[in-house]
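What follows is chain A paired twice: with chain B in the first complex and chain C in the second.
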Partner chain A sequence: MSSEAKIRNYILENYLFTDDESALDSADSFLDKGILDSTGILEVIYFLEDEFEIKVEDTEMVPENLDSVNNIVSFIERKRQ
Partner chain B sequence: MAPLPTTLFDHFETTVNKHPDSLAIADFKQRASYQDLFELVGKVSRYLLESGLKKGDRVSLVITNSVEYAAVFYGIWAVGGVTVALNTQAKAKDIINWVNHSEAHWLFVDERHQEFKAIAAEIKSDIELISVGRGTSDYQTEAAVSWQQILDQTASEPNISLTPSDLASIIYTSGTTGHPKGVTLSHGNLSANIDSILSYLELTEQDSILNVLPFYYSYGNSILHTHLAVGGSLILENSLAYPHRVMEKMASEAVTGFSGVPSTFALLLGRVNIRDYGLTNLRYITQAGGAMAPALADKLSSALPDTELFIMYGQTEAGARLTYLPPTMLKEKRGSIGIAIPNTTIEVRSKEGKVTQPGETGEICAFGKNIMQGYWKDSEKTAEIIKNGWLYTGDLAHTDVDGYLYIDGRSSDMIKSGANRISPKEIEEVIQEIDQVLEVAVIGCPDEMLGEVIKAYVVLKKNNSLEKRVIQRHCKSNLALYKIPKTIEFIEELPKTASGKIQKFLLQK
Partner chain C sequence: MHALAERYENEIINFDRDKEVERICETMRNIMRSKLRRRGVVVAVSGGIDSSVSAALAVTAFGAKKAFFIQLPEVDSAEDTQSRGSQLIEHLGVEHTTHNIAATLDAIGCYDARDEAIIKTFPEYTDGWKNKIVIKGGLNGQVNHFMLVVQDPHGQMHEKRLDLREYLQIVAATNYKQRIRKSIEYYHADRLNYAVIGTPNRLEYDQGFFVKNGDGSADLKPIAHLYKTQVYALAKHLGLPESICNAIPTTDTYSLPQGQDEFYFALPYQEMDKALWAHNVGASASDLASMLKISEEQAKFVFQDIDNKRKTTHYLHAKPYLIDSIPELGL
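And then the complex of A and B:
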């Protein structure tokens, strides 16, 4: 499964409570669209650290890295380089 | 000689005259001086006057923390209106319910609010809807009045005479759809409480705070008013989702204060190294909104050894604040919520109404000018918790021999998750709407980060099946995000007494 699919599944399952792919656009802002709140973002960070075996540093906790599926996918790719 | 300020609006006006050019509020799009804010307040009040507002009329607002929030709030007060600031995370159904219950004829809503369209579609036609923002939102549609129309007004000078007993604000705390609980606070209530807070925090015009707490919430409300009363500055950051950004802003703005609920500090300490940010100007931190584990307070103190930590306790029904622990006593009285704030009397009383002995658990009762007038249009509920002028908080505590208070629990089944006080009944009502559900009981389970998280026990009707996520999805459609149960457990039957009352304490085991 691709990184994008893993992240999408996690968000759909845990925060939108559905497997309907159309419920989430990969460009949707988690905060602006009310998909996640601040604790939700934190849970996503823990998920990413477990799932992709990365360490999200303090300075990396910014919306540019974490506020949408697309942002996370790019962030993970950069971390793996 | 000018009369002494008796209301928060008087305090604000005095501040504007003294420090017109000082920074009042910085939000993510503008930095407003006291004069800028006062000008905006005048425009809001002009609009309200011209659209027929009379003293005592309620005006509701659903606005995230911003310069506009403060302008609308003080603009309502400037013409003798009563503010009804509503939870910005709530769904349209709740917002409309509160607006109707308060009989407000005006509703200011952030143009970017996700429920804007639903609110516009469902609101009664005689309520004036005003969209707040720059007219750039996808959501905003058919608002009757645009924010630009407010900005086009010529600012009016406040010319209303307010007395301490005049109603200032209604704050809706959790309650079920059928029975909203609106705490009514007079100008005297709020002013008394703000004066007490100012005296122990020793806030001055030199102070500035980075604020993450919503202003519609009682704790955030007191932060807004304390700073505007003395001429301090509020730097706004509306989300804790990105703790690094919050800390960087605290450092770059050289703030002197920061306030949070226990989960704020758990989140910050868990994800960033506070010591790395060089917060040399940070004079104090306040914590309220639920009991903070002493171990967390220890961690916070050791991360910021030169910053005073004020542990506090309060209730919306008391204007916000009831007790504080002086920072000098933090180690000696570890785990305590402190003593009564100035001008408030606290007693711990037994079920029989007698003052308890040190070490003996009873209910926290409070008396003072800050205690609310009552619940809006609900004399029955008011009489249940205010007796002979004393507020019965529903919180259980004991004192030590020196009179310091220690919380032992709550006598009601309200759930406290993060900063939010949640009525289990409200969630049960929503889950009960699902066809397959026979009955449901909702409780709070201990959680390291949030204090409590929501758990629902659900009994299905015979020969029915249901996916847990269908329940959560239904909750997401009908409730604010923080009210969605984190876990759901299906059980055969709920534990009950012989008379049929659900025994929630058995579910909590």
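And then the complex of A and C:
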């Protein structure tokens, strides 16, 4: 499964309680759309660290890295380089 | 003076104290008469500024004979806050009781659950060590996250970022403190046919700095509309003891001294009051930056942090959601 699919599934299953793919656009801002609050973002960080075996540093905990599926996919790709 | 700072001075600092006390007390009596129909009030007195002013307002509104105060210390309560609470009770001359909740908290597993999560972060943590949680991120545009700070018996401080599961467990465990306290407040309220007074100021209430079904639970919250700066002003106006008027706000929940701004708010309360007020009156980030002497970017982050906290804590204010409305009850 691609990184994007894993992240999308995680959000759909845990925060939107659906398997309807159309419920989430990969560009949707989690915070602006009210999908996640700040505790939800911490949950996502916990998931990313566990699933992708990365360490998210304090300075990386910014919306540009974490606030949409697309942002997370790019962030993980940068972390893996 | 900057126009925004001048407006803050006029509207928030220089408010008419006599008129405000009169308005609050009249409204409290009206609510008791028309809504609550209880014959007096219970106030848990912590020794902090908010519960002290709420307690004094309750006595002004209803008289000392219609109030009952409770002190609810536990092992992490600081001695000076307890002693300030006692001074307040003596000053107001109200019937009171002290109920140390440490044994209850111990029996329910509060301290064990908290320590289990701390030990996962600092395996060497044991008896004689102290702890607190510190928030980071809001002022830098980062997602708020939490550091665990511990002090070893030699006084050496250690700090690590908390993993989410441990953070949630520590907060869940310490929330027992506020929830047990509230159970005891309602025991006395039920016994006396009194109402329970909640004591959040506007900053705490707006930003969700309370425990649902803990300190967030009450029948009447007389200072929830007042900025913390105004609560301090009322403490002086009501002639409360100096030690209370000058008390530095702490959470009094963790064994290390912990400022509220360390645990929850991006800035100390004097500045948070200004930021919240500025946001409420629609001021720009650049105006707030000049007022607080911070960068415009930081001011933008502070506004964002206020909005984020409102969103994150909205459910704390909410009544339980129903599938259908029940119009007969107005719900």
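Assume the second predicted complex is superposed on the first by the 81 of 81 C-alpha atoms of A that agree within 3 Å, B and C clash if a C-alpha of one lies under 4 Å from a C-alpha of the other, contacts with A are read in each partner's own complex, and residues count from 1 in each chain.
Keep this in mind: contacts are C-beta pairs under 8 Å (C-beta built on N, C-alpha and C of every residue); 3 or more make two chains touch, one makes a residue touch a chain.
Because the structure is a prediction, the values reported are computed rather than measured.
When the two structures are aligned on the shared chain, A:31 is found in touch with chain B and with chain C.
Which of chain B and chain C touches more residues of chain A: that partner is B. In the superposition on chain A, contact of A:39 is made with both chain B and chain C. In the overlay built on the shared chain, the residue A:18 is in contact with chain B alone; chain C does not reach it. In the superposed model, A:63 makes contact with both chain B and chain C. Residue overlap on chain A between the chain B contacts of one complex and the chain C contacts of the other covers 31, 34, 37-39, 41-42, 45, 58-59, 61-63, 66. On the side of chain A, the complex with chain C involves touching residues 31, 34, 37-39, 41-43, 45-46, 58-59, 61-63, 66. Chain C meets chain A in the complex at residues 136-137, 141-145, 161, 163-165, 167, 308-309, 311-312.
By the touch criterion given at the top, residues 89, 112, 114, 239-245, 247, 263, 267, 270-273, 276, 418, 449-450, 469-470, 472-473, 476, 481-482 of chain B touch chain A in their complex. Chain contact summary for the complex, chain A toward chain B: residues 13, 16-18, 31-34, 36-42, 45, 58-63, 66.
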